[in-house]
Structures are given as C-alpha cells and as structure tokens.
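Below are two complexes that have chain A in common, paired first with chain B and then with chain C.
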Partner chain A sequence: MNNYKHMETTKNLKESKQHCFSRHRIPSGCAVFGIVNESGKTFNGSMVLDGISMMHERSNGLGGGFAAYGIYPQFKEDWAFHIFYDGSISKSQTEDVLKENFKIIFYEEIPTKNKSFVKDPPNMYRYFLKLKNNFVDSGANKKKIDTDSRIDKDIIKEKEEDFIVDLVMKVNSNIKGAYIISSGKNMGIFKGIGYPEDIGQFYKIDDYSAYLWTSHGRFPTNSVGWWGGAHPFGLLNWSVVHNGEISSYGANKRFVDGFGYECTLSTDTEVVTYLFDLLVRKQKIDLSIIHLILASPLWEEIKKMPEDKREILKAFRIIYSGALMNGPFSIIAANSDFMYALNDRIKLRPMVAAKKGNFLFVSSEEAAIRKVCSSPDILWHPRGGEPVIGVVNKQNIKNK
Partner chain B sequence: MNYIINAEKLNYRKLNLKIRNLLAGPNNNAVCGSNGTNPSITIRNVLGQRYIGDGLEHKNSIKIYGTPGNNLGAFMDGPVIEVYGSGQDGVGNTMNSGRIIIHGDAGDILGYSMRGGEIYIKGDIGYRGGINMKSYSGKVPVIVVGGSAGDFLGEYMAGGIIIVLGLKGKKVLDIPFVGGKRLVGNYVGTGMHGGKIYIREEPGQCKTGKEVRKMKIDGEDRKILYKYINNYSNLFDVKDEKISNGKNSADNFFKLIPYTHRPYGKLYAY
Partner chain C sequence: MALKLAQSEFEIERDSQKCISCQVCVRQCSNDVHEYDSDEDIIYSDNDKCVGCHRCENLCPTGAIKIKEKEAEFKKNYNWTSSHLRNIYKQADSGGIILTGMGCDKPYPVYWDHILFNAAQVTNPSIDPLREPMEIKTFIGRKPDKLNMEISKDKNGNTKIKLKTKIPPQLELSTPIMFSAMSYGSISFNACMSLAAAASKFGTFYNTGEGGLHEDLYGFVNNTIVQVASGRFGVDKNYLNKAAAVEIKIGQGAKPGIGGHLPGEKVTRDVSRTRMIPKGTDALSPAPHHDIYSIEDLSQLIYALKEATDYKKPVGVKISAVHNVAPIASGIVRAGADFITIDGFRGGTGAAPLVIRDNVGIPIELALASVDRRLREEGIRHKVSIIVAGSIRSSSDVIKAIALGADAAYIGTAALVAMGCHLCQKCYTGKCNWGIATQDPYLTKRLNPEIGTRRLLNLLHSWSLEKKEMLGGAGINAIESLKGSREHLRGIDLSEKELAILGIKHAGEAW
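And now, the complex of A and B:
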C-alpha cells in the first residue's frame, strides 16, 4: 500500500502509470493467412486483405505484410528486387552493386498510397534486373555446357540462384540501411510496420493480381518491430510468414551457417526461409517428406514404427538434427510452385485449412476463411507436424 | 423477450457491449421480462468476434449463427449458448456454469480450465480438449464430443468428465507418414490427476500419457454415460444406433482415470 501511495505522489506520474499499464499482458499471437489457386488463375489482393483483416486482434500494429506470386507477368524472366533504403547513401551504394552485376530493365519507387496509413516508412524501390553473367562457361566444370540440355539448364539456373543468394546476403549485411526484402521472379513482398489491413491499403495490394498470396499480422514478442523485420520474409522466390517462435533458432542458425547462409535480420523467420531453400532448392528433397525433417515425429513415436520407417526416420533425425524446428509455430512458406503450411509437432499454434474448387486456404482462424469463402468444400484442422500443401499447376501459368 | 442482433461487420467490443446491456443491464443486474423470465438473444452473421458471452451470470439463452471467435463463453456463469456453425479456439475457457452447444466442430483448448457447466460439440474438436479442467465446490464440468478429438485430450485434467462418442466415422489420422487411424490423438490424459475420460473405442487403440490407466466401466459410469449420451442425442436430434440402445451402448466405452492425485508430488522433493 505504501509503495502504491509513493508511486502516486511521484512527479513522474505519467511514467509510473504507463509502467502499470505495461504490466498487463495482452494475450495474443500473430496471424497468418494464405490463399493459392492451384490452377494458376490470378485474383486480386482484396481477398487476402479481407481474410487477414478478420484477425485484427491477433496483431498489435507492429508489423504486417503480403507476398504475391504472378504479379509481374511483363517482367517474368527478370529478377524483381524490392529494396528498403534508410537514406540516399545506401541507395547509391546498392545501385552501384546492382549496375555492376545486372542490366537494369526497369526501376521505380514502389507505388504507395498516402503515407498517413503508416509511420516513418523507408524509401522503397523495385528493380527488374537481368544478370550480366550468364554462367554458361563459368565454374570449375570445364566441360562445354549444352544450353539446350535439361540437366545443364538446371545447373545454370542453380548457379544463377546461388549468385543471387550471395548478393542479397552481401547487400543486407554489408550496406548499412539497405535491405533487399524480396528477390524472386514474377513475385514480390510488401510489408512494413502497421496492422496488415493498413499495410495492404498503403501498398494498394488490390491493384495486383496473383495466383498465390500469403499474409501476416505481427505481434512481435522476441525481436523489435521494424520495417525490414516484418513478415513475409523473402529470399529468391521464397516467402515465409510465421506465427510463434522457433526455440531451436540457435541450432538451426548454426546448421544453415554451415551451408553459407548468414542470419542478419534478427528474426527466427529468416532461418525458416533458409531451411526451405536448403532442403527444397539445393538438396532437392521431395516436398511430401520435408515435414519429417522440419517437424520430425518425437522419438517416442519413432520407436513404435515398423522397422523400415523407423530406420528412415532415425536417419533423418540424425543427419538433419540441426534442421528440426522446435517450439510453438505455425508457418506458411511459399514459392512460385506451391504453398506449404506446417505446425509444430504438438500444435502449440493454431492452423485451419479449407478447400473450395481450385482454391486452398490456410489461416490462423476459421473466421478469416469463412469471410472470403463462406461455404468451403472441406475445412479441417491439420494435426501438428502434418503439412498442408497446395501445388500450383505451372502449365496454366505458362500458357497465359 | 427475444432480441435479435445483426453482428455483420460489428467489432467484438461493440457486439459484447450490446449483449451485456440487453441481457444483464449496464450494472450486470439481470433484466427480467414482464413474466419474470430472462430475455434471450439471437445473433446473426457472427464472424470471428471474440469473447461472446464472457462473464455473463444469468440464465439467458444466446443463439449464434456463424463462426464465433476465440474464447466463446469464457468465465461464463449461467447462460446457454447455442452455436449454429463451428467454434474456434478456447470455447468455454474457465467457464463456471451454463451450457455451450455447438452444431459443428470446435478448435483447440476447448473447455480450458473449465470448472462447471456442460459443453456439447456435435462434431470434432482440436488439440488439448479439456486441458486443466477441474471439479470445484461440488460442480462437475462435462464435455461431450460427438466426433473425434486431437492430441493431449484431458491434459493436466484435475476433475470433471470428458466423453468422446466417435459417431462420425471420421477418425483422427495417425501421425503423418505412419498412417493408421484412431478416434483420439496421442498422449490422452498426460499429466491428468483427477476426473474421468470415456472413449467409445477399443482400449488398445488409444495412446495415453503415462499418468492414466484404462478401466472397464462400472455401474456408476453407466449412469453417467446414459445421462449425457441422452442429452447429446436430444440436443442434436441424433438417432444413432451406436449410442441409442439404452444402457447397453455404454459397453462400447472404456474409461481413463489417473493413477494418482499428485503425479508430480515427488518431482521436486529431495
């Protein structure tokens, strides 16, 4: 009681009141929401905006964002970079790097609405780039590369992608105040500080048409809210949105570090992105089994399995022990071919999925799905460690 | 007196204030109709609004059409909420008395810390149904699930009754990659130290936590099952021969009870 009185009489009453208020825990969690049209048909951003807005209470205004696939058909062969700059020096330094390595096909400020929707946005630009180096005769492999052969094409593609990954890592860690937030082809990430519905309006995302959208409303608990740290997190065509925390961050960080990925953004979502890139793009592990690495069954479960399965699972857990993600999480990872949603093994974060015709929806709450699709064909709660995968039929996209 | 609220695009605070003012009055004094009965409310177009019915203390009836948001009926002490749709997470959180009836499915942590009242779910429930529910001061909370239940059913359960009927034939998938199907997920009753769980399945199928044992049902269990199965059938108008052949249908259930009231009593003792 005395203490309380003392507090009331302190000169700094305002401060002590704020202190009292901040002691109230506001129970909440991030929101994730994703939609993919598996036939590759594009639809505008108002649907994803409607969905994520339903979960306003899950975020606290310290981060919101969207990833959209299929939005730049006029530049679909070019690398599309979205870059945040804190000032003009970082911009000129970054552009020097870009000019050195790429032919800039087109660039512009990312179109936004009235800045009243958000607070202190950085300068943001997008660039459409062609690599100067075509990687046809590069590398230690001296044998002449046949540009028509499928295998050699894959090699060239992988070399290009590795080069982009290196370049993004270099810019993000070496140029102060410059962050490449999206670096894929025919896709882009739009994010910042604010509620997702404000961020969506700020970037006018209903002006874009995509066949796959993911979105995020942030409630940061372990790291600061800043423009680059909002979700989705992106690299190459990857984007990841994430609710929860990766308690195994340290182990995962060390694991990807051994493969040349540097974690620079002080968010655990970054390491998830690198894990997907490593397992799916680099090591070409089939999508249908990567959950056995990322959210592997518990040892107790593995013990009960028949021998053949038990041995495979044991091998996975031993070889990829550093890729196992622990802690409460629900994530939606996407690239231009698929959307992939996954929960931690004991489901400490919510996840609901639904299908309607060619549409697949994944959400933190059922209400968000019902908002954009009132009567889905099926709606289900995936089990912990059970992935929900929507694969895009790329044939249709090419024919468009 | 029945009020109708259209909840379309209504923020959850405004909606709940409306409900509270109509049912309980601004000072939480019960508003009684002229014939002495409590007023009821029908809410249409509900979509994601949280905390509906939270903390209400009188025997009102609330009918909800749509998908109510998280923590439906939390700390509720008396009303009957009936949902024509599905519930999300945290239905009946720390509820004290009353009834929640859901004509669809429900999400995770259904009946979290519930200490009285009844929850009936027509379909399936998510993870951790009945987590930490308890019997308190003569009250016995009850959860009846018509379909299946996810992992950690009855986790840290300290009292009350959970009944899983398994009527829909839709079985919970076993862990991915392994295949196989069962009615209730893994680790049923982990940390359980009070209460009873009844499951209509072969006992061998059920993967429990370390703290519970499987038992055959006895005479008292039959009475309990008969009562709540009957309620379920009437509430949802379900006539399923799997549960409708009177007291004999109880034979298809087994019971889970904890080995001890204090499973961790010696954990930190040395």
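And now, the complex of A and C:
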C-alpha cells in the first residue's frame, strides 16, 4: 500500500511538472489572507489559519499554502530551502547541486502531521545552507572590496542573490521531480493540494512563530493540481499569493524576459514575483511608488495631476508599460521587510485591510479579519491601485 | 486599325431607359471612356479605356451605369490566366516594364484572416468600454532599461519623486494608428492636407513620404513625420525641423529593393518647389541610398539626422519585409534607430513594376512575428518601437498586429479608401478620377480637404472604438498590456510551421 502510494506521488509530481512546462496557464479564483506585526513581534500560525479557514468557500481543495517570516531564528543567516521531491533520484541529484555550491548546515524532512489530511504529498525536505563562494573576489569590478562599506556589501548581497535565483531556476527546470518551493532566509513556504486549513494542519503551522504570515486558498478551473503549483510562490525572500487572472500575462512575461527572468511555470504568481524582484530588488525602485508602475493610474487621472507629477507618471507608463498588470487581481507580496498588498486599478477583485495596534491585516473578505480580530482600530477597502504596505521594524527583530 | 490582342477588363452597362444624357460620366472620366454624340443625343462608352474606378457609376444621378468585370474574355485556363495573357500582349506591344499601383492583389495567404482574437469569460471579467476607461494611448520611441530616480519625503510626509533618467524623445499617439508615408506628388495636395489635418485633430501622425513638405503644411509640425529617402527630395534642415520625427526610408513593401520614379508630368510648379527639383523633370529615387552601402553607413545617417535635430526627435528606419528582415531589424536597432517601420509585401504604392509588387517580399504578419522574436531573443526589443505597415485593413488587423508585438500600425491604402479611392490600381497614370493620386487641378479639386479630413477622422474614431471593444472583451483596459501577448491569439487553418513562426497556438488549444 505504501509502495503504491509512493508510486502515485511520483507520477503526480512528474506529470504535473511536465504539464506546467508545456506552458499551460490555469486561471483560478482564490482567497488571500495576510497578517504582519509591524513591530516584528512573532506570533504562531493559528491566527492566520483561523482567518483563511473562514474563506473556505473561496477555495475548492486544489491548493492551499502559507508563507511565514521569522520562523528560523537559529538559522537566520543561512539560506533556507524547502524542496519537494518525487523520489530518491531527484533528491540525490538536487543534493549534489546543493553540496557543490553550499555548506549544508542542517537538513531534515519537513515535519508533518497525519497524512490523512492530504492526498499524495511529495517527499519534502528543508535545508539550511551557507554559500561556499562568498563573492568578495568577483565583486565590484575586481577593485579591492571593502567588506565594511555599505555599497560593496550591497553589491556582494546582490551577486549572492542573483546566484541563488539562477540556481533555483536551474534546479526547477532541469532536475525532473525536484522543486524548490522556497529559497529565502529565516522564512519558509508551506503549501500543497488541499484546503488551506488542511494544509495548515498538515504542516503543523501553529508550531511556527513568525512576524509575517500570508496564506492562500485556491480555486483553480482545472482538476489537475500539483503540490508545487499551489501558492504562495516563492523566490529568495519573496512570496506572492494572488487572487485573480492577469490578462497582461503575455506582456508582463515579455517584460521580465527582457531582464533574464524565464517564466517556466506559466503562472501569474510567478510573473508577479519576478516583477517585484526586478523592480524592488534589482532596480531598487522605492516600495512606496511601485504601485504607480504595477497598477498605474489611468490616463484620465494622470491628466488632472500637477505638471511635475504628471510627467513622472507619464515616464512610468512609457518606460514600464510592460510591467503594468491588467485584469482582475488582488495580490499580497511579502519579503522579510514588508507585506505589500495591491488591487488591480479598477478593483475587479475584493480586498479588505485592517489595523489593530501593530498588526496589519489584509484579506479577500472582511469576515476573515473579523474572525481573528473582532474589533480592529480601522478597517478599510483599499481603492483599486492603492497599495497597503506593512513595513516590519527590523530593529526590533535584531534586538530580540 | 492596328491588331489589338489585349481585351478590355471591364464592361460598361448603360441602361438607356435610365440614362438622361446629362454627361456627368463624360465630364467625370479622365480616361475618356464616355463620349457624347450630340447628333443622336446618346452617350457611347469605350470598354477598353475603362480602369474600373467606378467614379461614373457612383456619380450617375439616375443609376444608369454599371461597371462589371468582364468574364470569360479568354478561354478558361488555370495556368495561363487572363492576367498573364494580357500582360504578355501589352509587353509585346510596348517592350516595357508593366507598371501598376496600390498593393499586391494576388491570392497569397492573408494571415490576419487566419488569426482569431481572445475574449474573457468567468475567470476574468470582460470590461465594458462604454462604462470603464479603455486606454489606447501609445508612445513611439526608444525606451531606457530603467528609470533612475530620487525619492524623498517633503515636510508633510508626501513622497517626492525626481527623475534622474532623461527620457528619449517619444511620439505620443492617442491611438496606435498613423498615416503611412505618401508623398506630395504621388498624391494631391488636398489629400496630403486631409491626412495632416486628420492626424493633428485626432492626436496622431502622418508621414510626408519622400516628396518633401509643402509650406502650407508647416502648421502641422507636431503631427508630421518627415521622410528621408534615397532621392533626398526636399530635405534640408528646415524640413527636418518642421516635423515631430524623422523616418529614413530604405525600402517600401510594394517594391523592395528598387527606387521610385515620379514622371515629369506630375512635377508641377508646386511639386517642384516642394521637392526642390526643376519643374517637369522626372523625380528619380535611386534604389539604394548612395551614402548607405552597409549598416554602419545607416548608423551614420541616423546620427547625422539626430545631430541635425538636436536629439529632440525620434529617428526611425523604414524597411520592406524581406526574407532576412529579422537580423536586418536587429542591426537597425544597434545602429541607433528609435523606431523601425516594417512594410509588408502587400503594402501600397503610387507606382511599381508589377513583377516586383507581386513577387518580392514577405507578408507583414510573418515579418513582424519574426522581428519581434529576434529582438526579444537579443534583449533589445524594448529599445525600439515597431510600426507595421503593408495592408492593415481593419481595426482587428491592428489589434492582431499589436498582440503579435507591434507598437503601432501605419495605414496608407485604408486612408486613401476612406477618401474615396476605389483601388483601380492606376495611380501611376496621374489620372485619378477621385482626385487623390493626381496633380491635375481639374481632378484634384474633386477631393475637398475638409471632407477628406472628416472622413479620415471618422475612420480613426471608428477603428479606435472597435479596438476598445476588442480590448475590453479580452479583459484588458490598456493597450500596452496587449503588446506582444500572443497568448491572446489563435491560428486557424495554419500549418505547424506557420504557427511556429507566428508564435501562436492553434484554435482549440487552451493555455
């Protein structure tokens, strides 16, 4: 029986990967929910689980997941990889790649509960890794690197991150049956096929403490689901959960493609993640103005703005026309510094936000927020294209 | 009477009961088809002279005239078609090259008609353009990789953005359609005036072609693209600066690889002034530019023009769609062009050898798809705007072109048709009965520039409305989100190879 089950899993992961690589896009409706404690105080996963469970009707059991930040304080300087395997071959192939490039500080099977909650989970492991190459030698055009200088540190950090992006993309597209689902530091993604409440219990997420949680319940329009295809989508510290269908997918894909991001999964979340990575991490565009690119104001609004602002908005639309996201979406993107929620510019998908003390909540439905916080200080429905940003005070995290 | 082997193409039917011998047809026909016999009070028509422009039929007050294509003039033969026979007879008569006008009319596949557009259902709501804004504003010009900016907070905590990157010059189009290059000389002043005024009123651009710029059109400077072609007619610093952009013409879709010839009869006083050549002399455009024999020469001309215009205007290059168009386009981007115009083999012309028009070049759909792919593969697509031309016949052709990767489309023939052209393909004779492709004052006054302008505005308006409907139906409210989104297209009745070149799936295949 066990054997049989294992074969099933193997088949599923392989098929679904091929399925995805054949560039099928699966539109889906969804529930999204995110909580951040802006003072950096951690709290366990039961709150997020409670919230997302309220929106059971918005998913259909074909995908659920969570992203959690601050969960691995003992390994906070190490790359934390969560990896799905379909069997031992893909595992050993992937581990060869890891060993070649990293010092493996620690690794283990991701702890899970009773498998009755879910169907056919793949084998899942997490690794805590230190890069062998420190990028000091190759940094900053061979000039002498001052490891204390902020600029040089940034260069080294960016090189390291580029290397990770490259490695993750290579493993995910080249090693059959292996899929890296999260690749950040002091964060992790837990996801799979099932309702989010089942997935949450399966991964025992109330055992983890994080200062930022996002979650997702999926309602895809196809019947085939695969564990790696569930949300959140992750890359480096990024995680993205998304409700909607991006009708500008082709244009966005072309845009990130021009900067070397290969969209192998053909999912909206993938391209959204790359857009964030490109604009925020690579091009260093301030978070507070990203929405002016991703969900730019309409021309008729731009027309009414004062001239200096108008010229800037016009420049955004000219240069970043390929980064404009069109069609219905409500997304929550997060990394270790912030949670960022955004609706499409004519608000074709629901999104509610609320604050209570240091907590910021973003949800597809108000009910989920009310479930975990019955009397928020403020609760509002962000307008289309108006971001909700919760910035984490990292100082507090360091001091802890 | 000399031996006459070629037979007439058209047959003129006159209903004698309806005809009132008013002689409108006699006066309207510049080809002298109709002749009034005052003794008998009857009008005779000569089928041989008819070009099929339908002017008389349209203007006959009693509807007495019908122009019909003549059937079965030769014994039916699928190999030796009547057009082959007619051409051979003509050549045996004259010993010359057969000339023609407008675009190729041969039944090559029209790929636009084998491409279907998408619409949103359930998972993605369609957007109603009558209720929601639908944005089709388009920018033509070079785009930098990124914007550098300085972000600061003012004392009220508001974010202040200061751009540090200088945006290269851009053309701002209220709709992704412009009027193709058509020279003063090949078309009448009134036609040029109509194009210029319509472009200006609608917020788009017209192109002077290679015929220089008439002084009376200087006022449309903000909506004018001037062309620099191999003949360099009318080109001086003033000309370059009386425009919003400059286009170097290397080739034309209807006649790739060859130059142009405006016969001396068309070089009237005004045309001679505008082109800066003596009155009555033939205006010959050489096949190549005599200072461009390689891509680096082209680069020099691009930068010479940028210098002359102080880097304030986009400088583009127009090429015809030929087999090697993708690498050529790549070279042009690297040579510094801000936009590339690709003219497909079905594009129109005022005069071209028939053999060239009907046999040289490739369809714009395939050329566009492969240029866009090549530039993307090389990571330089965003550096340049692509304008397509060469038989864009409807708003859906424009939408499909944009989804295939174009930034905007040029329309030439469609604009002429809007002004009355009936595609008789005799532009090179200078006898256009519709007053468009002629310099004969008796004929040119038939096109009232105010009416021409209004009709062109109506065309732009209706196509723009239709595009908005199609965009909204697909759940998109900004045209830039459609650009290059080939996922929105499906092929029908196409081979694997054709689909692969177009980069689209076959109808019936989901995402």
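Convention: the second predicted complex is superposed on the first by the 366 of 400 C-alpha atoms of A that agree within 3 Å, B and C clash if a C-alpha of one lies under 4 Å from a C-alpha of the other, contacts with A are read in each partner's own complex, and residues count from 1 in each chain.
Quick note on the criterion: contacts are C-beta pairs under 8 Å (C-beta built on N, C-alpha and C of every residue); 3 or more make two chains touch, one makes a residue touch a chain.
As the structure is a prediction and not an experimental result, all values here were calculated from the model.
Novice: According to the stated criteria, A:G177 is in contact with first (chain B), second (chain C), both, or neither; which is it?
Specialist: After superposition on chain A, A:G177 lies in contact with neither partner.
Novice: Who touches more of chain A, chain B or chain C?
Specialist: Larger number of chain A residues touched: C.
Novice: Could you look at A:G385 and tell me whether it touches chain B, chain C, both or neither (first, second, both, neither)?
Specialist: first
Novice: Which partner chains sit in contact with A:I346 here, chain B, chain C, both or neither? Use first/second/both/neither.
Specialist: It touches chain B and chain C both.
Novice: For A:R370, select first, second, both or neither according to whether it touches chain B, chain C, the two together, or no partner.
Specialist: Touch status of A:R370: first partner only.
Novice: Let me test your reading of the model: by the given contact rule, A:D286 touches which partner, first (chain B), second (chain C), both or neither?
Specialist: After superposition on chain A, A:D286 lies in contact with chain C alone.
Novice: Taking the superposition as given, does A:S321 touch the first partner, chain B, the second, chain C, both, or neither?
Specialist: A:S321 sits against chain C, while chain B stays out of touch.
Novice: State which residues of chain A lie in both footprints, the one left by chain B and the one left by chain C.
Specialist: 289, 346
Novice: Going by the contact rule at the top, pick out the chain B residues touching chain A in the complex.
Specialist: Against chain A, the touching part of chain B is residues 12, 47-48, 50, 66-67, 69-70, 86, 88-89, 105, 107-108, 124, 126-127, 150-152, 172-173, 175-178, 185-186.
Novice: In the complex of these two chains, what residues of chain A are touching chain C?
Specialist: Against chain C, the touching part of chain A is residues 23-29, 221, 244-245, 247-252, 254-255, 257-260, 266, 283, 285-286, 288-289, 296, 298-300, 311-312, 315-322, 324-328, 345-346, 348.
Novice: Which residues of chain C touch chain A in their complex?
Specialist: On the chain C side, the touching residues are 120, 123-125, 127, 132-133, 135, 137, 139, 141, 143-147, 149, 151, 159, 161, 163, 165, 167, 170, 376, 379, 381-382, 403, 474-478, 480-488, 510-511.
Novice: Which residues of chain A touch chain B in their complex?
Specialist: Answer in residue numbers: 54-55, 57, 289, 291-292, 297, 301, 305, 309, 313, 346-347, 350, 352, 365-368, 370-371, 379, 381, 383-387.
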